[in-house]
Amino acid sequence: MPIVVTNIPRVPRTLASEFASLGVATVHEAQGRKGLMASNMRPIYRPACIAGSAVTCEVAPGDNWMIHVAVEQCQRGDVLVVTPTSLCQDGYFGDLLATSLKARGVQGLIIDAGVRDIATLTEMQFPVWSSAVCAQGTVKETIANVNTSINCAGARINPGDLIVADDDGVVVVRHAEVDDVLRKAQARVANEDEKRVRFENGELGLDIYDMRERLAAKGLRYVESDD
Amino acid sequence: MPIVVTNIPRVPRTLASEFASLGVATVHEAQGRKGLMASNMRPIYRPACIAGSAVTCEVAPGDNWMIHVAVEQCQRGDVLVVTPTSLCQDGYFGDLLATSLKARGVQGLIIDAGVRDIATLTEMQFPVWSSAVCAQGTVKETIANVNTSINCAGARINPGDLIVADDDGVVVVRHAEVDDVLRKAQARVANEDEKRVRFENGELGLDIYDMRERLAAKGLRYVESDD
Amino acid sequence: MPIVVTNIPRVPRTLASEFASLGVATVHEAQGRKGLMASNMRPIYRPACIAGSAVTCEVAPGDNWMIHVAVEQCQRGDVLVVTPTSLCQDGYFGDLLATSLKARGVQGLIIDAGVRDIATLTEMQFPVWSSAVCAQGTVKETIANVNTSINCAGARINPGDLIVADDDGVVVVRHAEVDDVLRKAQARVANEDEKRVRFENGELGLDIYDMRERLAAKGLRYVESDD
Amino acid sequence: MPIVVTNIPRVPRTLASEFASLGVATVHEAQGRKGLMASNMRPIYRPACIAGSAVTCEVAPGDNWMIHVAVEQCQRGDVLVVTPTSLCQDGYFGDLLATSLKARGVQGLIIDAGVRDIATLTEMQFPVWSSAVCAQGTVKETIANVNTSINCAGARINPGDLIVADDDGVVVVRHAEVDDVLRKAQARVANEDEKRVRFENGELGLDIYDMRERLAAKGLRYVESDD
Amino acid sequence: MPIVVTNIPRVPRTLASEFASLGVATVHEAQGRKGLMASNMRPIYRPACIAGSAVTCEVAPGDNWMIHVAVEQCQRGDVLVVTPTSLCQDGYFGDLLATSLKARGVQGLIIDAGVRDIATLTEMQFPVWSSAVCAQGTVKETIANVNTSINCAGARINPGDLIVADDDGVVVVRHAEVDDVLRKAQARVANEDEKRVRFENGELGLDIYDMRERLAAKGLRYVESDD
Amino acid sequence: MPIVVTNIPRVPRTLASEFASLGVATVHEAQGRKGLMASNMRPIYRPACIAGSAVTCEVAPGDNWMIHVAVEQCQRGDVLVVTPTSLCQDGYFGDLLATSLKARGVQGLIIDAGVRDIATLTEMQFPVWSSAVCAQGTVKETIANVNTSINCAGARINPGDLIVADDDGVVVVRHAEVDDVLRKAQARVANEDEKRVRFENGELGLDIYDMRERLAAKGLRYVESDD
C-alpha cells in the first residue's frame, strides 16, 4: 500500500541557495556527469533558476490526487518533484496548486508530465519544469507514494536530495554529496572565470587547453582550400 | 468535389469575448473535458488569448491555396482553423496572409501544420497556434473544402463552433453548447476565486476539499522517515 | 584521416549582411525552395537574425573537441555550423566557447545537437540555432573534419556557403549562387511590399492573384450553409 | 454522465466481409481519401486484415474498466474501437479480454493506446492495431462512454460505422456510405487489375496514364548526364 | 574513476527460468507495477522471452568499449544490460559481441541504444531488446562503470537484479524480492487460467468481476440507440 | 525548371552484387563511417538485402507524379531512391508501381516517406525501406527532378552511387569509391571471420584486441561486490 514519508532530511537552505547561482551544467559536471533529467524537461518561462530539497510524489496517469497530499509535506525552500507511474501528458498542476505551494514557500515544481494555467504561473513567477503543457485536467481517484525514491525523467530522486533547475534543465545531487559537489562546482566556476577572461582577450581554446600537440598526435592535418 | 459553405452560423462576438478571459483549461473542464486539441499545438508567442467563431479550412499537403478562399469567408471576430488532409509541417501561412486576415478583423489562426514569418507575426501581434514553425513554402494546385466539419489536431470542429485558445492550448465548444458552457465556466471561476483566497492563506487542499478521510479509507499510511 | 581546411572562400560581409534583413522564408523561396534545414532547428532566443559564411565542423557523438579547432578557422562575420557524426543531443557548446567566438566576431552557431548555458548565451546575445538544449557535457577524445562538406539537419553545407538564420529556421545558399539569390530575393520583397499594401486595404488574395476562375475550373462550388 | 448506447446499427456481415479483401488503401481512395487513422496505428502481427462494424469505447488514462462494459455490446463480426480521453500508452488490453472478445466472435481491436500479451494474441490470431505495445497495466476506477461518437487516432468514428484494417493501417467508412464506397472500391480494383497486367508486361505509367504531354507542358526537360 | 564490480550476487538459474514463462506483464503486475522499462525498448525478433541476472554496463555516447569489459563479468544465464551515459542510437552491438556472449551462455542483451547485424542475430537466435536499430558503429576511447546501479530506459537496475524480457517489453525485479514476486506471479497465473476458461465459455468480465453494481453506483446509464 | 537526367553512370551489376552479402554495417565501417541514412528508414519485411545503382527522384509533398517519370529511367539492377521536398508520410508507392519496377528488374525502393500495399509488396518480395507505412494516397500535379543529387534521410545521394540496404538500414557508397570500399569491406569480413572463430571458442575481446593494459592506463579499477 502507498505511503507518505514524513520528516524527510533536507539540505540546509543557505547551502541549497548557493547552488542556484552555479547552474545545472556546472553542477552536473562537478559531480561527474550524473543525475541529469532528460532534456525534454523544459521551464515554462525563462530565465528561471532554483535549488532546493526534493519532496517526491508519484501520481497515477490522469490523476493528481497525491499532489495535494505532497503539498502538506512541503516546507519553505523545497522543490516538489512529481512523476506519473506511466507516461502521461495531462495538465496535473495549475494556478490553484501553485498558489498553495507558493504560500508554503516552495520554490518550484519539477513534473514529468503536463502543466496548465501557464500564463498565470508566469505572472505569479512560480517556475515549473515539465515535459508538456496541456490543458487536460485530472481526476482524484488513486493513491500513490509521497517521499519515496522515484525515477523522474530518467533520473533517480530520493526525498531530501538537492534539485537544481535552470534554463538548461534539471539535475539532482545526492543529499550526502551536497558539500562535496558544492566545493567542486565552486572550483569549476573559479577556473571558468579565469578562462573566460582569456577567451574574451582572444586567446584560443587550442592554446589555453594546450591541445595542438595532442591533435597532431591523433593525426589531424591542415590543408589549404583549393576553392 | 470540394465545396465552400457560405453564411455559416456564428457565436455572437460579445458572447465569444467572455470566453477569452476564462481560458482554455477552465472551458475544457466546464464542458466535461472534451474538445481539446493535441498538446503539440503551441502559440508562436506568449501570452496570447483569443475566442471566436471557427471558419474551417482543409488544405492539401504542401498546398495553401484554400487558405485564400477561406479568408473571404472570414468576418470580424472569427478564428481561422486550418488542417492538412495528411500530415504536413510546411509553412502554409506567413505575414501576407496575416495582413489580409487582420484587415478583416480575424482574431487569429489555428493550424495543424507549419507557419512562417513568425518574427513579423509577433510584431504584428497576430496570434497563431501551430504544430510547427517552418520556412518551407507551399504551392497552389489543389482545392479542398472550406467550412465543412474537420478533424484538427485530434478535435472535431464544425464551422461556427467557438474556438478558445491561450498559452495552454486550443479547445472547441460546440455552437449549441456555448451558453451552457459559459455559465458553467463562470461558476468554476467564481468557485476557484474563493478557493484561491483560502490557498493564499495557507489552507491545504487536503482540508479545503475534505480529502483526509477518503485517503485513509483508500489505505494511505503516514510513516516517519528513517533517514 | 580527418583534415582541417584553411583559407576557405567567403561571401563578402556587406553582401552577407543584406540577407539578414530578407529572412529565411524569402531566401528559401528565392532560390527555388532548396537548402532548408529541418524544422527542429530552433533559436535559443527570439528574435534572432544572422547571415554569414559557413565554417563547417564535424564532431563525434558526445565529443566537442573539434569545435575548439574550428574556432581558430573562424573570422569576423562567419557562422559556425556543427554536425555530429551520429545523432546526439549532448550540450556541445556553452558560454566559454561563445565568449571565444564572440571575441572573433563570429555571428552565431548552428548545431544539430544540444547547447547549454542558454541563460548566459541569451544575456550575451550570442544566437544559437540547435536541435536540443541539454546540460550534458562532452569529452575531447576524437578528431573529425573542419571545413569539409557536411550534412547538417538535412541540408548539405559546403564551407564558405552563406548561412541565413532567423526565427523561422536556417537556410543555406551556395557560395556561387549568392548574387543571383540576392537579386531574386530582393525582387520578392519588393513584390510582397506592394501586395502587403493591397492586403492592408482589404483586398483579397483571390483577386490580387486572380484565382477565382482557376478555382471554378477545378470544380470548386459555393453552397449556402443550412445550419 | 457517461452512457452506454445499446442496439446500435450495424453493417450486414456479408457486406462488411467484402471490404476485407479490398484493403485499406483502396477503400480510402474510393471514398475520397477521408477517414484514415494516423499512421502510428500498427498491427501487432502481419499479415492481418479485418472489416466489421465499430463498437466504440472511451477509456480514462490508465483505466480499462469500460472495455469490460463494451465487450457486452459486441456481437459476432464487430470490431472494438477504443480511445483514451487523453494520451496514454498503457497496456489496456491483454489475452483475457481477447479471449472474451473472441468468444463473442469479435474480429479484432483498434486502440489508440497500448496493448500487452502480444505473444499470446499472436498465437491466438486475434489481431490488434495499436499505437503502442506496453506491459503497464491499468486500473478500474473511472467510467466513460460506450457507443458514442469518438475521435480515435485522428479519425471520427460513429458506432456502427465500418472499420477496415490491414497491414497499411485503419480506415473508417460511414455507415450510410458503405454501399456507395463498396461499389467505387470494386471499380477501382477492377481498373487496377487491368493496369497490373499492363505493368507486368513492361508498359510504363507514363504511357498507361498518358502523362508525357502534360509533363512537357509543365516544363519538364530531359538532359543527358555529363558524368 | 570508473569501476568494475566483480562477483555480484545472482538469482539462482532455476529460479530465474521460472520467470520466463510467466511473462513481463504478469511479473510487472505481481510486484505492484514497478520496474518496467520504457515501451520503446523492443525485441529485434519475435517471439523472444528470457529471464536472468543483470550484469550492468555504462557506455559513453558512441563508444562501446565497456561492453567488452562487461562480457568478462557475464556468466551462464546472465542478461547484459547496457545504458549510454547520454542519449545515443548508435549500433553498439553486433554479431561478434553476440558470438562472445553466446559462447559464455548469456541469454540476451538489453540496451537503451542501437544494435546492428540484426539479420545475423536473428539467425543466431540471440535476442536483443533495444531502443533503435542502427548500422552506425562506435569507438573505444572512454571507460565507464560495470556492475554499478544504473538507470536504463526509465528503470533502476542493480547488478544481480532479475531481468525478465518478452514481446511486451522488459521489467526488472529486485534481487531481494524475487521469491516473493514469483509466488505472487504464479498465483496470478493460476487465477488467470481459471478466468480464461470462463471467458472462453462466453462469460463476461462484468459478471466474472461483479462490476455491474459498482458501475451503476458510479452513474453509468444504458440508453437505446436512436439510429 | 525541373529536369530528368538520362544515361547516368552505373556501378557494374556483378560489382554491386558483391556488396549485398557484405551488409550495411560492414560497408559503412569500411568507408570510414559515412553515407548512412537515418535509422528511421526501416525495411517493410525482414530479412531483406539489396545493392544497386541509385536512380534518384524528388517528389512534392503528397504528390507521386515523378515516380512514374523515374521508373522509365530505371534499368535492371537499379535501386530507386525517392525523397520528398518537404517532410511527408503519405503512401507514395504501392503494388502497381512495384509491379512496374519489378518488370524492369529494379531491386527495391528507398523512400523517406510512406509506402502502402505492404502486404502485397511482401508477397511479391519487392523490398522497400521507408520512414513510414501509410495508406494515404497522393496526387499528380507537381513536377520535380529525377537523377539529380538529393538529400535522403540525412544522406547525400548522387545518381549512379551505390545503394546498399539490409535489415540494419541503408548506406550509400560514392560511385568513384566503390572499388576501394569493396576491397576494404572484404578485408574487414575476412578479419571478422577469423575473430568470430576465436569468440566462439570463448576468447574474450579484452584479450583478442589486447585491451587490458590500455583500460588500466585509463584508470579502470576492479573491486569486489560487497553485496
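Order as written gives the chain letters A, B, C, D, E and F; numbering starts at 1 within each chain.
One rule holds in what follows: a residue touches a chain if its C-beta (ideal position, glycine included) is under 8 Å from a C-beta of that chain, and two chains touch if they have at least 3 such contacts.
It should be emphasised that the depicted structure is a prediction, and the values quoted were computed from it without experimental measurement.
*Asks:* Identify which chain pair among B-C, A-B or B-D reproduces the interface of A-E, meaning that over half of its contact pairs, matched by residue number, are the same.
*Replies:* Same contacts by residue number as A-E, out of B-C, A-B or B-D: B-D.
*Asks:* Looking only at C-beta pairs that count as contacts, which pair of chains has more of them, B-D or A-C?
*Replies:* A-C
*Asks:* CA centre of subunit D versus CA centre of subunit F: separation in Å?
*Replies:* The answer is 30 Å.
*Asks:* Centre to centre, by mean C-alpha position, how many angstrom separate subunit C and subunit F?
*Replies:* Spacing between the chain centres: roughly 28 Å.
*Asks:* I'd like to verify one number: the distance from the centre of subunit B to the centre of subunit E, where each centre is the average of its C-alpha atoms, in whole angstrom.
*Replies:* Each chain's C-alpha centroid was found; their separation is 41 Å.
*Asks:* Going by the contact rule already set, what residues in subunit F reach two or more other chains?
*Replies:* Those would be 33, 39, 85, 87, 89, 134, 136.
*Asks:* Examine which chains touch each other and state the graph shape they make (line, ring, star, complete, other).
*Replies:* other
*Asks:* On the basis of the stated criterion, which chains touch which? Give every pair.
*Replies:* The complete list of chain pairs in contact reads A-B, A-C, A-D, A-E, B-C, B-D, B-F, C-E, C-F, D-E, D-F, E-F.
*Asks:* Residue numbers of subunit C touching subunit E in their complex, please.
*Replies:* Subunit C residues touching subunit E: 60-63, 85-90, 134, 136, 139, 141-142.
*Asks:* Enumerate the contact residues on subunit F facing subunit C in the complex.
*Replies:* Spelled out, the residues of subunit F in touch with subunit C are 33, 38-39, 85, 87, 151, 154-156.
*Asks:* Can you list the residues on subunit F that touch subunit E in the complex?
*Replies:* 23-25, 28-29, 33, 36, 39, 42, 46-47, 49, 166-169, 171, 192, 195-196, 199-206, 209, 211, 215, 218-225, 227
*Asks:* What residues on subunit C touch subunit A, complex-wise?
*Replies:* Checking each residue of subunit C against subunit A gives 1-9, 65, 68-69, 71-72, 89, 91, 94-97, 99-100, 103-104, 114, 116-119, 122, 132-137, 140, 143, 147, 159-160, 175.
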